[in-house]
Amino acid sequence: MSSTRFRLAGATLALTLAVVAGCSTGEGVDVDGADGAAAGGVLNAAIGGEPDQLDPHKTSAYYSFQVLENVYDTLVEPDANLEMKPALATEWSTSDDQLTWTFTLRQGLKFSDGSPLTAEDVVYSYTRIIDEKLNNAYRFATVKSVTAPDPTTVVVTLSAPTPNLLANLGGFKGVAIVQKANVESGEITTKPIGSGPFALGSYTSGDNISLVRNDNYWGEQPKLDGVRFTFVSDPTVALQNLRGGEVQWTDNLPPQQVPALRDGDDPTVQSVPSSDYWYLALNQARKPYDDVNVRRAVAFALDREAITKAAKFGLATVNQTAIPQNSAFYYEYAPYRHDPNQARQLLDQAGVSGLTMDLMVTSEYPETVTAAQVIASQLEAIGVTVKIRTLDFAQWLDEQSSGKFDAFMLGWLGNIDPDEFYYAQHHSGGTFNFHKYANPAVDRLLDQARTETDQGARKQQYEQVAKQIVDDASYIYLYNPDVAQGWSRQVSGYEVRTDRAIRFRDVALAR
Amino acid sequence: MSEETEATRSGEETGGGGAGRRSDGQLRRALSALRHDPLALTGTAVLALLVVVGVAGPWLAPSGINEVNIDRMLEAPSWSHPFGTDELGRDVLSRVMVAARVSLQVGLVSVGIALVVGVTFGLFAGYYRGWLDNVLMRCMDVLFAFPVLLLAVAIVAVLGPGLLTAMIAIGVVYTPIFARVTRAGVLSVREQVFVRAAVSIGASDLRIIVRHVLPNIAAPLIVQTSLSLAFAILSEAALSFLGLGVQPPEPAWGRMLYDGRGFVTEAWWLGVFPGAAIFLTVLAFNLVGDALRDVLDPRQLTVSESRRSSG
Amino acid sequence: MARFVLRRLLQSGVVLLGVTLVVFLLLQLVPGDPVRVALGTRFDPQTYEALRARAGLDQPLVVQYFDYLRRALTGDLGVSFRSGRPVTEIVLERLPATLSLAVTAVLFAMLVAFPLGILSAIRSGSLIDHAARVFSQFGVSVPDFWMGIMGILLFAGVLGWLPPSGYVALTEDPGKWASHVALPAATVGLVTASILTRFIRSSMLEVLSEDYVRTAEAKGLRTRVVVLRHVLRNALIPVVTVVAVQLASLLGGVIVIEVLFAWPGIGRLTYDAVQARDYPVLQGAVLLVAALFLLVNLLVDILYARLDPRITVK
């Protein structure tokens, strides 16, 4: 129902006081191997908030996935370049008509409690998502059936060719393989059992979740004995804890300090562009926003640099399309420059004056509230009065789905395939097309690209889509935020990922 | 507060409860006492200033409250921005000034609600006694059983955050205090000669309440109102600091602290000035309230600090 | 005495019943469908139906209330809309943190307020009296969260003596617990101390002005003896009430401070529940706090009646 894959609560922004604290007992570093690295130990990680629950199929909170990334597995998983690589499945093949995919699982897979993980568990997990219409059911839109002819073979039958099936099945842990008994006992919400590198150790509500190494893990054994996630909502506190040695890793850094931190070497702070994007949408079912000139006027009136600086302290890359620069599908196109005169002319052409625009934002994502105030001041310069409406997210979603808005700002997080970037949002029948954009040419291209198996042709089709969407100002794209994370000198082997997945399996902690 | 102790004062004044029109003289005395009490005078002066700023804030403020200037974000106090700029480059002084209106508005409206509802309840309960008294006061007991801020937060949570709900929530929370103070006053007035006399000549209940009872319980109510304004403003600030009060871009002191919290280590002015504004406002109401109480309500019917919520 | 206790018990029972009604009605006041609102992005039909049924929302209102009451009596406060865990469990596991903060804060407040209040009453009009009054006026007027922010800036930021926020359980590491509790407890405690100081001072003054004290002084007993023997005992009886009421309100009322200092107690739980629209948890926390509040008040009244026999006469 949301326009976000997970409800990333503005992890890097000086957000709310949402949740807990940075305490932790500090002495995470358990030094029995005196030779430095590979000494085991427990890594203390500070995350910005507390998971709402730990059922990967039901939660949509980023805080949950920060933990679950290390607990669960998917059939395939994205590598650092977001290309799909083997995970539980070692290989897969596709039938000639592209409608049957056959996956082969590893031998001897086990859940962390020692029980075997078989193809039946995969069938159970996918069926659960589809039948119970859970958050990620849309990822299975073209899936007709999932079967397990033998314990290590999974067959997925499709109703239409789906070139991005791997991204759908492995893009993130929301489609993880869960254990039936764990689901049925109801313990999955607090004591999930997965097959990943770590298993849940203990959970102190309001304070921390501790993971321990999973000895039944199929891959290389993690070097760490465990990971303890403490909930620290205040980024200044998280940074202080990192500097003071109480935690060794955090992604909750004060954004305004990141540029300076990146230049230093202790703690190590790195940032990479994420595949998230934030945008402004104008309701084309309402006048005068049905007029492309009005929408383009707004696009010209915005100073994206200023918006980005205010919302993210420069920790983002301005972009007029959706897909970020580091993606293979990036399409360089930036027709709008900050030009209030041009904007005023366009409004004149449209015969619009004295416009008052209702802009809906949500306190769930404070950066929308901040950005809205900047947007309001910029639109004021072209004679548009913006009334900002700050709602809580549930209410916001209701207003969005019933079309009661002139404009709203929000982000899409964690998309990988271009289909995820465009189809649901801009196809006239798209489930997230709440702003009622309709362009038959775009519809046709989106339908075509969805099943196009030739990668070159597919990329070209999406470039056409991107250009048209930008020209029509269906979404007015603003920026791709960076993912910034920091860790202490003791930590080695960690890598910041553009999809915000946090993986500790290859990390070692030195004294 | 003057040099006299509260205790000696109450000794002097508990006797004077009989005459029919006590409040006129009392008010006059209160005013003259205020004139001679430097603290109360200071409090009054601060309040006067506050009212001026609250009413004329938008015109007095050196710049617009929503004048975003990203290039000048988080600037330290200077001649052009005496209180510095915030994370959007807006002038903090202007926002602090304009936010005075919100605080006063919330204070007045919510205490107004509490006053009207509470006094009505208290009057009925104290005047008619019996089952009505029981029912009304047990209801008040129920509301009294919740810590102030907790109840306010719960109400706002249910109704949704915003200025109006904050005012309603705070109003509800402070209603029982007024009901209790009123009832206690009514009980003591009710048995006095002039009220009995009025009853005996067949005056209507309404007439007795309006002409005889109310004027005689005005004093503690005035004191209670002044003190409650202080707590109401404090409560609004706390709600806004939790993000549950006034929503942006409207400025409110508590909200400014909430928004500025992530930056206070590098921009102390975002923490200091809005907080100081809350403190001074509350202090002023308290000083005036205390002074009034010393004169008007020697028996200390009014409830003050013990109901101040922590946190 | 027994009759008094019985009457107070009955009264508290009635009020508690009222409290459950208010808490129950909270959910009914939510505009729209509370379960739908609470689930938000996590909406799925099965969870939705399950939670609705579990919350009894498909029943008529009166049935719902009595059902709520019946289950509350057996300690069942429903399940969290957010995590699906039992509310009672969630609320109770936050109690130790809140308890340790409240008790520490009150102890701190007493440590400050007793000497200050007593001295300022004995030396009425002196410098220390003035200081005490300035202090208490400051404490009653200052927004505690603001003082907390300033405290964090100073003690955690500039001086670096204390951690800015966070929690370590007392049972886990007393030393770390103490360093973490210091700032929040001092912040809350200062406000409480200023309230207490006032009460102690005026209570002392009242007793000091009473005849028997004057007589004692006239008989030539030295002031100190008078104060210790007579005044303190009589003056401090009413103070007990105030201390207890403060403690009771701290047990549930320190939302802002718990949020500010990331203290995982009931206040923070309430705040988190509000943020997540987790109404059953909100209801449970509010109910528990109000019940605690009533209980403490009841105990105080009984204790007070024992200390001061005059009470029972009324």
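Here the chain labels run A, B and C in written order, and each chain numbers its own residues starting at 1.
Here is the rule we use: a contact is a pair of C-beta atoms (placed from the backbone, for glycine too) under 8 Å apart; a residue touches a chain by one contact, two chains touch by 3 or more.
Model, not experiment: these values are computed from the prediction.
Within the contact network of the assembly, the step distance from chain B to chain C comes to 1.
A simple rule picks the central chain: find each chain's mean C-alpha point, then take the one closest to the mean of all protein C-alpha atoms, which gives C. Ranked by separation of Cα centres from chain C, the top chain is A. Taking each chain's centre as the mean of its C-alpha atoms, chain B lies 21 Å from chain C.
Taking each chain's centre as the average of its CA atoms, chain A and chain B sit 46 Å apart. In terms of their C-alpha centroids, the spacing between chain A and chain C amounts to 41 Å.
Across the assembly, chain B contributes 160, 242, 261, 264-265 as residues in contact with two or more other chains. Contacts with at least two other chains are made by residues 259, 271, 277 of chain C.
Residue numbers of chain A whose C-beta contacts span two or more other chains: 16-17, 234, 236, 392, 395.
Remark: chain B residues 1, 3, 5-8, 11, 138-139, 141-143, 145-151, 153-160, 230, 234, 237-238, 241-242, 244, 254, 257, 261, 264-265, 268, 271-272, 275, 278-279, 282-283, 286-287, 290, 304-306, 308-311 touch chain C in the complex. Note for the complex: chain A touches chain B at residues 13-17, 234-236, 254, 256-257, 306, 309-310, 363, 369-370, 372-374, 376-377, 388, 390, 392, 395. Listed in rising order, the residues of chain C touching chain A in the complex are 32, 36-38, 40-47, 82-85, 90, 93-94, 97, 156, 163-168, 172-173, 176, 180, 259-264, 268-269, 271-272, 275-277. By the touch criterion stated above, chain A contacts chain C in their complex at residues 1-2, 4, 7, 16-26, 50, 52-53, 58-60, 132-135, 186, 189-190, 204-207, 230-234, 236-237, 240-241, 244, 246, 392-395, 397-398. The touching residues of chain C, counted against chain B in their complex, run 11, 14-16, 18-19, 21-22, 26-27, 29-31, 105, 124-125, 133, 137-138, 140-146, 149-150, 153, 157, 188, 191-192, 194-195, 198-199, 202, 205-206, 208-209, 242, 245-246, 249-250, 252-259, 267, 270-271, 273-274, 277, 279, 282, 286, 289-290, 293-294.
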